[in-house]
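Lettered A, B, C, D, E, F and G in written order, each chain numbered from 1.
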Amino acid sequence: MAKKLNVTPLHDRVLIQPAVAETKSAGGIIIPDTAKEKPQRGIVVAVGAGKKDEPMTVKAGDAVLYGKYAGQELEFEGKQYLIMRESDIVAIL
Amino acid sequence: MAKKLNVTPLHDRVLIQPAVAETKSAGGIIIPDTAKEKPQRGIVVAVGAGKKDEPMTVKAGDAVLYGKYAGQELEFEGKQYLIMRESDIVAIL
Amino acid sequence: MAKKLNVTPLHDRVLIQPAVAETKSAGGIIIPDTAKEKPQRGIVVAVGAGKKDEPMTVKAGDAVLYGKYAGQELEFEGKQYLIMRESDIVAIL
Amino acid sequence: MAKKLNVTPLHDRVLIQPAVAETKSAGGIIIPDTAKEKPQRGIVVAVGAGKKDEPMTVKAGDAVLYGKYAGQELEFEGKQYLIMRESDIVAIL
Amino acid sequence: MAKKLNVTPLHDRVLIQPAVAETKSAGGIIIPDTAKEKPQRGIVVAVGAGKKDEPMTVKAGDAVLYGKYAGQELEFEGKQYLIMRESDIVAIL
Amino acid sequence: MAKKLNVTPLHDRVLIQPAVAETKSAGGIIIPDTAKEKPQRGIVVAVGAGKKDEPMTVKAGDAVLYGKYAGQELEFEGKQYLIMRESDIVAIL
Amino acid sequence: MAKKLNVTPLHDRVLIQPAVAETKSAGGIIIPDTAKEKPQRGIVVAVGAGKKDEPMTVKAGDAVLYGKYAGQELEFEGKQYLIMRESDIVAIL
């Protein structure tokens, strides 16, 4: 789903291609528009090597949910990416 | 009580279906309307694999109490869910 | 003194039935009305299984003192309870 | 100096009977009235069992100094007590 | 790309020569101008010896991304450098 | 220089007799009157037994420098003392 | 460059003689006048014995860079010194 990028996240970081804004996702998950902090959805593009004694859980291709303010933005060939720590990911869809 | 969801909480996180608002729950627990932070009630739908050397205690189907501001909201097929760390759960009913 | 409740505190949490407001307790302990944070008194109703390598010290039936703002309120069959971490308890009476 | 109380401090806590206000203590220690936080003086009445691998240093009967805002107040048969962590005690007199 | 500097970063620190401001980098990575904290790009010039049991991952010559406010500025022979902890680096390009 | 006091600092604490205010100390150290936090000078009078696996470094009689706001004041027979943690001491003169 | 001082930094602290204000240092390092926190330059005069299992890296005579607000000032025979933790030093020149 995501083409290979020349970006290697460091340590426990994960590069994510955020899902385009849609009111209903492919898997049927809807992110409600409420007062609480909303998890966001995206596809993992690349993962770091993990930290000492802490291997990574997610892998490239996983659809994941993450907190609204997680990560830092990065643009490559016109596409938006996010890079965040694995601990900012709350679930695999 | 809760149908199978395609959501796998990461690490020590737990997916919970909150109880609908009611003044008296099935188990007879009433959440008082007072000044203190009130625990909320729900059913565990899915649990993560736990963290290193910290297996999870709750399991799917458990009725649990959690803090009022715990977790992040998530909507699936018209139902509201919460995803939170197990440490935000205070008791199993 | 406290009937069996279907509430199992998680990890290091303790369920407590607070003493009713009285100026002099059965054991002769009076909680003074001063500027400092006042400990409160109650009876332990249920205790969690403890955390890894940290067994619990208090047990059901213990009369305990705890900080004024400790814990979260919970109501069951018309009685008020508090659920808190054992570390919020300062003494056994 | 202090009669036996039915109070068992939990973990690393210590029950202290504060010295009555006096400008010069029996041991000759005077607590100056200055801008800095002043240590206070009292007698240890009861000590907890300590924390894991951290036995207690003070014992019942010790005269100790502690920080001005240390501990929580407790009244028993007309006497004021303080309950605090051993780490709030700065010295044995 | 960067000439040898007489600067040895201490412990887990890394000396970086920031990329000159450009809208499109050599590797095609564009740093978007948005509200979120933007990662910055540079070349590693020198790395510290690491901390105890924590060897360094990046090496001199690596193109890296780092947070917008990471590090401290340093000027040498008219060129700007940044010195930061390796943990402030989010990815290797 | 300092007479024996009946004060035993607890754990990692140190009792210090501050140097009287002087613009030039005996050892030639002058504490400048600038905007930065100024270290203060005094003589160690008594030291605690240290913490587990952390023996004390300073000993009674040492002239030491410490931070301006370090410690708590204590008066004994008309002399001012300070009681502080050893980690608040920055150097031995 | 620096005469022997009778000051022994405690634990992981380092005594530093700051470089006099100059726009270009001997080694060609210029500290830019920008909005970011600027590292400062000085010569190590004395180092502590280190902490348990953490030997010191810098030694007397090293030219070092440190953060702008690092350390505490100390004056000796008309010269200004700084005393700081080794972790406040970012690089050896």
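What we mean here is this: a residue touches a chain if its C-beta (ideal position, glycine included) is under 8 Å from a C-beta of that chain, and two chains touch if they have at least 3 such contacts.
Just so we're clear, the structure is a prediction, and the values are computed from it rather than from any experiment.
The chains in contact with chain B as well as with chain D are C.
Chain geometry summary: the mean Cα position of chain A and that of chain G are 42 Å apart.
Mean C-alpha positions place chain A and chain D at a centre distance of 53 Å. Taking each chain's centre as the mean of its C-alpha atoms, chain C lies 24 Å from chain D.
In chain B, no residue touches two or more other chains. In ring order, beginning at chain E and turning toward chain G, the chains are E, G, F, D, C, B, A. Taken in their complex, chain B has these residues touching chain A: 6-11, 13, 15, 48-49, 52, 71-77, 80, 83.
Of all residues in chain F, only 27-32, 34, 36-39, 53-54, 57-58, 64-65, 67, 86-87, 89-93 touch chain G in the complex they form.
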